[in-house]
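Labels run A, B and C following the written order; every chain starts at residue 1.
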Amino acid sequence: MIKYMEIKSSKRSEFIDITGHIQNLIDKEISTGDGICYLYVPHTTAALTINEGADPSVKRDIVTTLTELIPHVANYQHMEGNSDAHIKASLFGSSEVLLIENGRLALGTWQAVYFCEFDGPRERKLAIKIMEG
Amino acid sequence: MIKYMEIKSSKRSEFIDITGHIQNLIDKEISTGDGICYLYVPHTTAALTINEGADPSVKRDIVTTLTELIPHVANYQHMEGNSDAHIKASLFGSSEVLLIENGRLALGTWQAVYFCEFDGPRERKLAIKIMEG
Amino acid sequence: MIKYMEIKSSKRSEFIDITGHIQNLIDKEISTGDGICYLYVPHTTAALTINEGADPSVKRDIVTTLTELIPHVANYQHMEGNSDAHIKASLFGSSEVLLIENGRLALGTWQAVYFCEFDGPRERKLAIKIMEG
């Protein structure tokens, strides 16, 4: 069964750490077993990524560099003023597949799972499906 | 079982909406249940992405911006003249994992699933595997 | 069960072909059946991609072009000097999902699976989970 998590962003571009929320869901659903965790963003100007959770300057560097490569204002045809956010969403991707080992997300020491807002502030949702096995 | 879908592109860079085809396969295979839909592109100059299906100017902006960042002609070593297409394929990715809820692809309101041709026109195929659960 | 593969990179940026290793694991675990192969990189400056395995100039072009777009030295805030590697890791992604058909990775003719080192040389590991079905 898909669970939907509500996410509220507060800036135009923002990486929101959702690792704890996902682990809480796993705790409830499969306890100490192994499994797969599927994440899916049902939006066209947001995405997911996994990157460093320790030093917040890493996510700032990612957001800044992306915006230098794909500026907010340019010669875009789409009239809503958010083509850059659509492009970033495609580059980062709408889904992630995580492994679960002994009831824990099998992340690396420095990894956090981020919901990537590229056209906020908005109210978003994230689809999460956890399967044992 | 993997099903293979034939795709014929007509331009060098082209995003082809395959959402309806995938939904048709799901209708036949799992009817009203839940599941996972795995998509895989067995080519090195094509990819998959999920983005806006309503306004076609979004996909034009994505293709145009990608080509500004990664030009067709540059100082590439690969002699086939399609290094840009290989690079775009790696940035967008060869696979997507979609969720199925009550027999429907769990997409957002504005989302469509695109096969991304970066070195067409060509005849391509897409591997689709649907699993109930 | 997750299997961990050890990978030793020898340069700062390097694409290491891991196709054969993954196929060997599949041979042992599911022999001639169908299934899914989940790959996950538990590092924040490395990633995975699928691209051409035949001509090594393709991977050189990918690495070179990425480094032109996202230089090693720039006005980054993160003090460890590897922000470019974090950004490249997010663009390429930490996971891949591959299909298995009759005991073989369902890759295209020219495809190889690469572990992408962006901040080597280092000792890395890759999580691999193979599920029949």
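Basically, contacts are C-beta pairs under 8 Å (C-beta built on N, C-alpha and C of every residue); 3 or more make two chains touch, one makes a residue touch a chain.
Quick caveat, the model's predicted, so the values are computed rather than measured.
Q: How would one label the connectivity among the chains shown: line, ring, star, complete, or other?
A: complete
Q: Answer with same or different: of all residue numbers used at the interface between subunit B and subunit C, are over half used by both copies?
A: different
Q: Please compute the angle of the rotation superposing subunit A on subunit B (C-alpha atoms), rounded to a multiple of 5 degrees.
A: With C-alpha atoms aligned, the rotation comes to 120 degrees.
Q: So the centre of each chain is just the mean of its C-alpha atoms; given that, what is the distance between subunit B and subunit C in Å?
A: From the centre of subunit B to the centre of subunit C is 20 Å.
Q: List, in ascending order, every residue of subunit A touching at least 2 other chains.
A: Expected reply: 69, 91, 93, 97.
Q: Can you list the subunit C residues touching subunit A in their complex?
A: 1-2, 38, 40-44, 69-70, 74, 76-80, 83, 86-87, 89-91, 93-95, 97, 127, 129, 131
Q: Touching subunit B in the complex: which residues of subunit C?
A: 34, 36, 49-52, 55, 57-58, 60-62, 64-66, 69, 91-93, 96-99, 101, 106-111, 133
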